[in-house]
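Two complexes, one shared chain (chain A), two partners (chain B, chain C).
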Partner chain A sequence: MNLNDKNTEKYIKAFETYFNGSVSQPFHKVRQQAASNFEKLGFPTTKKEEWRFTNIASIAKADFKIAEKKNAPTVSLEDIEPFLLANWQGARIVFIDGFYSEHLSDIKNISDKITLEPLSSHFEGKAGLVNKNLSKIATFDDEAFTALNTAFTTEGCLVHIPAKVVENNGIHIIHIAASGRTLTNPRNMILCEDNSQALVIESYHTLCTDDVFVNSVTEISVGENTRLYHYKLQDESLKSNHISNVAINQKSNSNYISASFIFGGKLVRNNISTKLDGEGISSTLNGLYISREDQHIDNNTFIDHAKPHCESHELYRGILMDKSKGVFSGKILVRQDAQKTDAKQSNNCLLLYEDAQIDAKPQLEIYADDVKCTHGATVGQLDESAMFYFRARGIPKEKALSMLTYAFAEEIITGIKDDSLRDRVEYLLLDRLKSHQA
Partner chain B sequence: MLEVKDLKASIAGKEILRGINLSIKPGEVHAIMGPNGSGKSTLANVLSGREEYEVTAGSVSYFGDDLLEFAPEERAQKGIFLAFQYPVEIPGVSNVYFLRTALNEIRKANGEEEIDAAAFLKMIRKKMELVEMEKALLNRSVNEGFSGGEKKRNEIFQMAVLEPKLAILDETDSGLDIDALRVVADGVNTLKSKENATIVVTHYQRLLDYIIPDFVHVLYKGQIVKSGGKELAFELEEKGYDWLK
Partner chain C sequence: MSSETEELESLANQEYKYGFVTDIEADALPPGLDEGTVRAISAIKKEPAFMTEWRLKSYKKWLKMEEPKWPKVEYPEIDFQDMVYYSAPKTTPKYESLDEVDPELLKTYKKLGIPLEEQKILAGVAVDAVFDSVSVATTFKEKLSELGIIFCPISEALQNHPDLVKKYLGSVVPATDNFYAALNSAVFSDGSFVYVPKGVRCPMELSTYFRINAQNTGQFERTLIVADEGSYVSYLEGCTAPQRDENQLHAAVVELIALKDAEIKYSTVQNWYPGDENGKGGIYNFVTKRGICHENAKISWTQVETGSAITWKYPSVILKGDNSIGEFYSVAMTNNYQQADTGTKMIHIGKNTKSNIVSKGISAGKSNNSYRGLVKVMKSAENARNFSQCDSLLIGDKCGAHTFPYIEVNNTSGKVEHEATTSKIGEDQIFYCNQRGLDTEQAVSLIVNGYCKEVFRELPMEFAIEAQNLLSISLEGSVG
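Presenting the complex of A and B:
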């Protein structure tokens, strides 16, 4: 038995004792399947092409306990105050260690047609919304972390926007890892039926000083003629290991607009994949991250152009400080049927210190002949002559640095649809630059 | 206001300035002329504090203070302005925001109140007319995609807003057509007062047809080899720099 098998086995053993009393639920069969897939797949190693630049051995080897509801600490509204968005008009649903916290949530401010509640409320029924959809978009055949998450999916968050409902106030899902030395498996399901519109923010935070392993999965379906704004803000501690899988399925003429903002985490991997499963679809995957100390931030995107006349836009910007490391892999697949595809990908990095490092790997696989696909990557350093120009006009070094860096990130920040989130992202960016110089 | 004594400076170990002496009083315009490689731009950059240049000997006193002790931003806050030979493009930072930040940093450093966006816009309107600058350039990124003439005008516009005590124009005439040259020179002349001084660094005499210097200094191999009145500039134009060797 090799080391990887041993690491995997630890969680499988836990699985067998974890679900006492839930085995009668229809969803438990999916869990069992996921557990056995995880056992088969094991933790990925750098020998796997998709994991070449990111070594997760430290996660596999570490001794994380599976988070349990009975052990989740009591968290007060005051504790989570720093994670709330200022002037937020919408609903908020809060999960501690992956478990729903009713007293911290506030789900009044949205249309009563919308379902916003823990997934677990739907586990008992047979033909329910959740059982029909769960793990259909975020599949776990070949994705060990999704398999691991699914095996331990207990509560999770369900957002269901029925057909023709337009929700402009927004939904904020907050996931907080509060118990140290644990593995938490946040799970979100966002289902937007045809002709609907919504804005959903997921944010991830920590309330403990120990190492944690946050393994989140979000699956999203965007119906026909539907528009979904989806933002992810990750501001966990520098002791967090954060693996995230976001999988989207888009139907004809839908518009999915997303951006991820990564500020925290020691070892971070974000997989986002969208399937453009219809015609006339538009899909936007943007990302902004700022890394410091020895953070490792890996963004891995996959856009599957399956049908004709669709467009996709990808813009990633990274600001790397100290000896942090960034990875960007962007795969675009244009299938044979996907004529008239228009795909744009751009990945730019700003290395603020010489020790910082970035690996970038664009990957275009095109099987159709009448398509437009562009990709570009740049790695830049802060321009010394620009810096002197600022200073020669009386603007101190620190202010010049934040103005120049903000200018680099601006395009992604100004694109944020929600004012509260835009203010928060802007604040976090400037705060990280400032605290870094202090 | 400025006393430069036996100033020596080098870049990457190579000595460029080999003992400069220069004395400037308020209200004066000094032209520094010289062939390529004589150290004109180095002198301009050393005075404004560019860190690539290492001062190896000598002193610079500015209103009695040791100027060389100050960081570039502190010099700017104390009233030194360098109009760049090659103004830098700053994508993503708007011209108007850049300039207001600069003005407010200078105000803050001098214990004055910061100026808000509305008052600032009102204040700069006249100064834009002075350099015939198009309004559209205000909201564009600093110097990005500006023509050569627009960049130089922008430098003089910044100078008009920041109202320096000592302005150093580094080859401001290079790359300008006659029209732009006249606009730039008009700007400089209008801003001239009894309290401030200007150093005009130039290779050619033609800018001095528009900006009349009180003193002309000829820089050659890192030293001022000749000083005189404005007539010295005409002499140089006629005889060329070879005449000095």
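Presenting the complex of A and C:
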């Protein structure tokens, strides 16, 4: 019918020849299913309500080849130096184009009960963590990009925190897209069993000057009475197309605290969906993004309150500059059983300099009566009187502007549990503001 | 809380007080819709040729359109060939005084509490009562015409002021706007036309009472209000309908035009038959309402929606002129199996335009109540300002309340704020009232009245009373 379908077909054809030797894996059945679902769904168009404000035709049309392990370039520790967090105390696992790089990874400082390794070592054999859990939370029935990722899932990262393990040192997963004109499908699975605690940072970077298409999927299971801090830092080049799907399942009395920081990417879409599948759950989804030039950043969150006595907090802040475009859609569903739900959502956008554009679509869908649900959305500029206050005290305009903008973002940054990440995010934010003024 | 719940439920389940059928012979076309029907309606109305053309064009467009499926409502498929598109009371007289009006009709109005006889005494309300599709009584016309204000059925306006109608009809809601607007444009039976000349402040609240009466008659009202430069008009629309088992379709179109420095205030109380407690029957209310503001103009929509099985209604304002203002105040109450998907659209085009949205939803029983709104700030709208607030109250655990606000800002100098809350009446609030000697029902009524006050405050005096009556029947008792 159109180019869109032709490209869907292209990936399907690639799928048929992509796998040699791994066809016998039990997981391959899931891949096949995902491929056929992707074929059926095709790339979404703006006619679909969820994609109303984000047109991904440029991705669908472009000619990306699928990343292969044998083509992944050699990357040295020096190359990735800028992506490492200063004073980092925890473990590090690095993936180039979605494939595990042993010599760059540094798995230490964490309990030896924790499994931190590529998924691929678990594909053989029938039973096991991976085959039991992979693709169970991040389903691909209706999500074309998850289906595409699943069809090409070969390595990816597995984080397994067994029951009763409390790990204070963090785990840093680094995904680097190093080959240009390539589609990479990073995949992460984070399984936290009952009564455990962990901190996981995912960060995404590019090491090439060409266009790339990064299509990542992260699946997270948070067991009973478990606490997980989960941060995502995306600082890819302005030539990257970044689509990410994060799916979370929480059990009773668990606490999931997350924040995503988006600095890079030309066309960015983040889907986060969390299911509160038990009582007494607390879930926090925060986000901060700063966009410039012609970046398009779309954040899409979905919180499913399925059981009573749960709370969710959502705070998204965006700073938009130049001709960039921001989109936020946040949906909160409160099911009939989910009495005593307390859900808060707030989305604030700061439009700096002319031509920036924002579309927001907060949604509440509520079927239980004894609940407290609120959402708020604001779009505006820096307060003129605050600006005047600074100027009256001899602070130059640029400096005043960056101070006020920093103050706007500060609430999310101070909430970061890990010091090294907080420093990095702070640095990146100030750097973006400074480079814009220069 | 259980006895309280029972008490509230019993109040919520009160039968529709206004369900009755007036026995007046109707002059109707046979059911079905084709080009012939459209021509016939136009012929009965003795319309000028341009109007017949316009209707036919709309009809042809309508044939190619599809029923919208995006609202969050569910209903069986409507058979558009099984409906009567025109029905008028058999005699269409022009009465000199009220004595000549069919006593049967007067009795109906009396039951509804519309003080038609008292209107001449009650200062300042001219009523253009639409009974089914043809106006039967128009009062205060002389007084208005002294000021040059035209307030008459739209069919009459087509005879007497065809140029005005031709100029403005379809200018805000084009015939092709949506499925139901196209249908309305093709087959609208009658409605009201208001024109306020330059610099005139309309001295009284203009009002019409719409009633759906003959069984199976789709009611297709068309309202067109033009406020010329520097004028002011306040228009009231109120509805009640007899109890019926079959679903009736109501697809009205309302167009408001506020020219430079003009102000239009449009208030609605809608209490059509919502269907019985099992969700049988009730009116389908699919309405397109939109206004356009030129420079410094202001349009304000106020609505109290308690009736209809399904409501699908988004009164909108296009803020085209600089410094123009749009307002929307709404109370929407749903009970039993009622479904409401309502809200507003504010399109900011001019500089320094402002809009304000206050929406209060109340859902009880097994009903679903959605707010769906759009605030759009175009590139040209420097310093646009919007504030929206949508609150929902939930009563009972089988109902749903939803909000779907859309915000699109294309100008960095715009300021847009949106707030929404969903909750039930706090037990602590009821406890506080109980403690001070108010029983639970009084307490609930007090709290809900307070909850809706922001909107009621915007209603004209004449309507404030009716709104309160409506609340006491369908609202107060059911909230808890």
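Basically, the second predicted complex is superposed on the first by the 435 of 438 C-alpha atoms of A that agree within 3 Å, B and C clash if a C-alpha of one lies under 4 Å from a C-alpha of the other, contacts with A are read in each partner's own complex, and residues count from 1 in each chain.
Simple rule for what comes next: contacts are C-beta pairs under 8 Å (C-beta built on N, C-alpha and C of every residue); 3 or more make two chains touch, one makes a residue touch a chain.
Predicted model only: the values in this text are computed from it and were never measured.
Colleague: Of the partners chain B and chain C, which touch A:Gln336 in the superposed model: first, second, both, neither?
Modeller: Only chain C is touched by A:Gln336; chain B is not.
Colleague: Between chain B and chain C, whom does A:Ile107 touch in the aligned arrangement: first, second, both, or neither?
Modeller: Touch partners of A:Ile107: none, neither chain B nor chain C.
Colleague: Looking only at contacts as defined up top, I'd like to know whether chain B or chain C touches more of chain A.
Modeller: The partner with more contacted residues on chain A is C.
Colleague: Is A:His375 in contact with chain B, with chain C, with both, or with neither (first, second, both, neither)?
Modeller: So A:His375 only meets chain C here.
Colleague: For A:Leu84, using the defined touch cut-off, is the partner it touches chain B, chain C, both, or neither? Pick first, second, both or neither.
Modeller: A:Leu84 sits against neither chain B nor chain C.
Colleague: Just checking: does A:Ile358 make contact with chain B only, chain C only, both, or neither of them? Give me first, second, both or neither.
Modeller: A:Ile358 sits against chain C, while chain B stays out of touch.
Colleague: What part of chain A is shared between its chain B contacts and its chain C contacts?
Modeller: none
Colleague: Chain C touches which residues of chain A in the complex?
Modeller: 49, 53, 320, 336, 339, 349, 351-381
Colleague: Can you list the chain B residues touching chain A in their complex?
Modeller: On the chain B side, the touching residues are 48-51, 71-73, 75-77, 81-82, 84, 87-88, 90-93, 98-99, 101-103, 105-106, 109, 141, 158, 162.
Colleague: Provide the residue numbers of chain A that touch chain B in the complex, in ascending order.
Modeller: Chain A reaches chain B through residues 383, 385-386, 388-397, 399, 403-404, 406-408, 410-411.
Colleague: Quick check: in the complex, which residue numbers of chain C touch chain A?
Modeller: Residues 70, 392, 394-424 of chain C touch chain A in their complex.
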